[in-house]
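We call the chains A, B, C, D, E and F, going by the order they appear; numbering starts again at 1 in every chain.
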Amino acid sequence: MSGGLGVLLSPVILFFVLGASAAFARSDLSIPEAIAKGLSLYLMAAIGLKGGVQVAEAGFTADMAAAAAAGLVLSCLIPLPAYLALRRFGRLNAVNAAAVAAHYGSVSVVTFVTGVEVLDSGGLPPAGYMVAVLALMETPAIIVGLMLARRGATGVEAQPRGALLHETLLNGSVVLLTGSFVIGLIAGKDGYAPIAPVFDTAFRGILCLFLLDMGLVAARRLRDARALTWRTAILAVVFPVVNGTVGVLVGVWAGLDTGSAAALGILAASASYIAVPAAMRLALPQADPGLYLSMSLAVTFPFNITLGIPLYTALATALS
Amino acid sequence: MTDTVSRRKIEVLVDAPLIPRVTAAAERAGVSGYTLLPALGGSGRGGRWSDDQVTGVESKVMFMTVASAEKAAALIDALAPVLESHGLLLINTAVEVVRGGKF
Amino acid sequence: MTDTVSRRKIEVLVDAPLIPRVTAAAERAGVSGYTLLPALGGSGRGGRWSDDQVTGVESKVMFMTVASAEKAAALIDALAPVLESHGLLLINTAVEVVRGGKF
Amino acid sequence: MTDTVSRRKIEVLVDAPLIPRVTAAAERAGVSGYTLLPALGGSGRGGRWSDDQVTGVESKVMFMTVASAEKAAALIDALAPVLESHGLLLINTAVEVVRGGKF
Amino acid sequence: MSGGLGVLLSPVILFFVLGASAAFARSDLSIPEAIAKGLSLYLMAAIGLKGGVQVAEAGFTADMAAAAAAGLVLSCLIPLPAYLALRRFGRLNAVNAAAVAAHYGSVSVVTFVTGVEVLDSGGLPPAGYMVAVLALMETPAIIVGLMLARRGATGVEAQPRGALLHETLLNGSVVLLTGSFVIGLIAGKDGYAPIAPVFDTAFRGILCLFLLDMGLVAARRLRDARALTWRTAILAVVFPVVNGTVGVLVGVWAGLDTGSAAALGILAASASYIAVPAAMRLALPQADPGLYLSMSLAVTFPFNITLGIPLYTALATALS
Amino acid sequence: MSGGLGVLLSPVILFFVLGASAAFARSDLSIPEAIAKGLSLYLMAAIGLKGGVQVAEAGFTADMAAAAAAGLVLSCLIPLPAYLALRRFGRLNAVNAAAVAAHYGSVSVVTFVTGVEVLDSGGLPPAGYMVAVLALMETPAIIVGLMLARRGATGVEAQPRGALLHETLLNGSVVLLTGSFVIGLIAGKDGYAPIAPVFDTAFRGILCLFLLDMGLVAARRLRDARALTWRTAILAVVFPVVNGTVGVLVGVWAGLDTGSAAALGILAASASYIAVPAAMRLALPQADPGLYLSMSLAVTFPFNITLGIPLYTALATALS
């Protein structure tokens, strides 16, 4: 049960399924928002620290630069074909298509964290620097998305660029991830040891509780998703499969180890639901939040957590 | 009897990421006193929402200020673009306030 | 000057377990826009309460909606049974709203 | 049509440590029904604040009560010293309430 | 100090006493509601998982069916004599008597959790399936209580039955308990191991913090309890003693091991303050929440935590 | 890297620096208030328990009485020279000077907790009874401060004394600290063992998360501090240095071990931002909260966390 679909029976995933089932059955189970936010901050700090400590151990390598470059390129380029597919097949207007495309170029921290858990327990731990790649991939897609919107639609106001860039780069999740990564780098294995019980030993258990909440959130959104058509729902499954495959291929081609290539696939496949929606609400108010949150959170996220991660992992294993 | 004066209470339901822009507009309109109140959820033409601190994007906050009729009008004008672009709800009520140290 | 119209603001302090019933009644009365605001505690003939998420039973939430006078009257009528049975507080205020994209 | 009566809604933005004094003053003024609503932050002559549960000192809460005009006047008089010393914001609005079991 | 009243000096109970003392002394000590709710969700997930893993180890047994049947019968029958006592001795009207009776037929998760802690540390761990019995006992008493109310009082409206049944059976605590139990069952000991640091090792410490809050909540309620007469206060102590004794007797008679019989006594003795109050507020608005919460939360709960649990444990030990 | 400035590179301090940097860069990173409050309650319970268990092991000693007396005297006397300095050099009016002086006579729990961490990891653990000294030092300075205000200013109303004394002595943090200390004393090492994973093993990791929040809070306050002049800013650095030095000297003179003397210095140097501000807001509404919070929280607290603690530790080591 160590690999493949056996993963679906690990408590981490089962708690996600429990949350989703409770929401579909219209149970009043709910996790206070402050707790959910607290758990998500914990996960970011923990994954950042872990990555930093690992890089402190392994040192800077050529792999790292390759992975960073690959991540940046993927984040910038994925929105382009996504935009076209959303306009043609998805029948969205230019603003909505651009906003959704930005989400798919960016990444989801929780999908990554869950993927790392699965890879770790399958004996394929990705390299620590993948956390830095994650942080690098969060924001470029936003800028690409806004450029697409301005091209495709008239009447998209010239936003105060500086303000938006500031808000995006200093988004809380980016800062916490990067900051914790640097702290891990400075502290190293010895400095990390006394705080490891909280950030390492407790990690999986806390991930269970957080995914319980994410299951509730994703399923409630799917239930109330008026904005979702069958066309956009299909794209919300096709995008992760295609982007995940491309991500794995690029990773293998760039010479990453199996776990890191799988992690790059997971990053490429994942869609943001923290940094990008906030930026879009500010910069593209004409875009429909119901649409982009439904696609990324209610369809793509559950798909990746349950089927996507094993898929990209299997692909990476087969190719390397 | 304590002395009271007539004022306008302006309430605006604001998307959380927009708050800095609304308070900045208020300060430009000469409104330096305001209070932010939390909201839990709601429903409108854009569908249902509920406070969601993880993604953060759907949270809304009630911006509230008490001001003289002229300042209130200036504030509404200053907010007009963002009311328009984001379709925000603005409520304007006639109230009385006690002249404590405040007004 | 930005254009404003007269409306009624209806506020109802609702026991948390009753919220689905109140929002359903609102939707039946044609009121599809509303906002829920949190409350911390209070006091009334039934004694004191304070927000309590563990048992959940004593939490209350402020249901708030802005509607035309007719819709407001329809809402009050639709809520009459639950106002009566649970003794809820309903406040009805004359307000003005700005015609953003909203009304 | 459901029956309504005219009342005053009094809202006071109170520093958290002062709440017991305000509710005590309300009870002395014969106001036994009130509701406390949370606030997130704000700005005034004393600068900005935001809810802060660790030090606790800067949190503020909205005390709200609906009462007859006379009781409202009595409450305002009873609150006068603390309004003065702490410079609290008090808002007084004309409202209607539905005669549920409540009034 | 391993058994009997020595239990009263364990930190778990002392934190409860600290909370209660702080509230009586009118200290402003308070735990944010979101944290208290988070802790209670954690305890339910943890106890559910633990029970599920234990059943996965031990397999399904005849004991289990016996315990389930005993629990169901107790939950359905306890409200009947309680109702009579509340009407005659307690001098309550029919609606209030029915509402209170439902609380005593149902169960308190925190009382159970504390009882399991005490039994575990006294070397008498109850069987894992008792968690399933707990979940089974939460709701039947609600239906019995409503039937009593409809019999005894005119003017109790025919509620939308389906809606209430749905709300009751899918109450968040029932869903989380049952769901975690099933996850524990699926994951088994091996799947549980990586999340055990959070759900097992940390359990007692977190229970301390939660009982600190419960002490504050119970004592504040007792302090403000206008609705409590000396008659209802006496019943709030007599009920747990009688029901707890009956529960232990039934458990021993049904052939359960000592720990499980004691746990059945604890369940029978405990009164709900989560699922039942919410259902009563909806279905019997005429009933006074001040009354039923004061009895169950402010009197019966502290009695069980401090004196009741050692009592039922001693009884079960003596009888088996 | 075990002593001196190496401490500045431990994750605990680095998380504080991360929080402060994020706030200065105007990132939207923020920790929900309920979580921050929950973490601070946890830290108080943990430090109280730890102190109590240590005293239960070591027994009551003469040292303990000496430390308690020293702490009380410091808390009462520190406000007097502070008041004079604030009036003369700081140019504050009598009410503001008295309010600020009270803060410096009282203590900061988080500074103490961080100091204990640093001392522990430097091999100089302070005695368990220092937690009791901490609790003793929280309130006397408040009374001294109010007396100063009444002397120096006319129009300071005679407050309902009893009420204020009650509110101060039963302040949540005082109650929780003292209560947990007593629980630790009763439970002893054996009773503590089962809850140690939460209150001991997890302590440092959780302190990291809390200091992340404190960094955000302190830096935001510094950023918005209109009330701070360069004169008061200077005093907010001079006070901890002077008081900390005096505290260490008194501790060494009273015969405390190195770690405990350093801890007494840390207590003397620290300024309250929980118990005292709340009392001042009630009793001295004319005083400016912006001023006293800026001094204690935005200047003195960061100074102590980063430079002060190593300084007082070095001094105590040199002198004993």
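Note that in this section a contact is a pair of C-beta atoms (placed from the backbone, for glycine too) under 8 Å apart; a residue touches a chain by one contact, two chains touch by 3 or more.
Here the structure is a predicted model, which means the values were calculated and not measured.
Colleague: Counting one step per pair of touching chains, how far is chain D from chain A at the shortest?
Modeller: Step count on the best path from chain A to chain D: 2.
Colleague: Going by the touch criterion at the top, tell me which pair is linked by more C-beta contacts: A-B or B-C.
Modeller: The comparison resolves to B-C.
Colleague: Among the chains here, which has the CA centroid at the largest distance from chain D's centroid?
Modeller: Of all chains, A has its centre farthest from that of chain D.
Colleague: For copies chain C and chain D, work out whether under half or over half of the interface numbers are shared, and give different or same accordingly.
Modeller: The interface of chain C with chain D is built from mostly unshared positions.
Colleague: I'd like to verify one number: the distance from the centre of chain B to the centre of chain E, where each centre is the average of its C-alpha atoms, in whole angstrom.
Modeller: Centre-to-centre distance between chain B and chain E: 45 Å.
Colleague: What is the distance in Å between the mean C-alpha positions of chain D and chain F?
Modeller: For chain D versus chain F, the centre distance works out to 34 Å.
Colleague: Taking the mean of the CA coordinates per chain, how far is chain D from chain E in Å?
Modeller: Whole-Å distance between the two chain centres: 38.
Colleague: Give me the residues of chain B that touch two or more other chains.
Modeller: Chain B, residues with two or more chain partners: 37-38, 53, 93-94.
Colleague: List, in ascending order, every residue of chain E touching at least 2 other chains.
Modeller: Touching at least two other chains: 32-35, 37, 167, 197, 202.
Colleague: Note which residues of chain A are touching chain B in the complex, please.
Modeller: Interface residues on the chain A side: 33-34, 36-37, 40, 157, 167, 213-214, 217, 224, 226-227, 273-274, 277-278, 280-282, 285-286, 288-290, 293, 297.
Colleague: Which residues of chain E touch chain A once you look at their complex with the stated criterion?
Modeller: Residue list for chain E touching chain A: 32-35, 37-38, 41-42, 45, 49, 166-167, 170-172, 175-176, 179-180, 182-183, 186-187, 191-192, 194-199, 202.
Colleague: Please give the residue numbers of chain E that touch chain F in the complex, ascending.
Modeller: 9-12, 14-15, 18, 21-22, 25-35, 121, 197, 201-202, 204-206, 208-209, 212
Colleague: Name, in rising order, each residue of chain D that touches chain C in their complex.
Modeller: Residues in contact with chain C: 1-2, 4, 9, 23, 32-38, 61, 66, 93-98, 100-102.
Colleague: Okay, in this complex, where on chain C does chain E touch?
Modeller: Result: residues 15, 17-18, 46-48, 51-58, 85-86 of chain C touch chain E.
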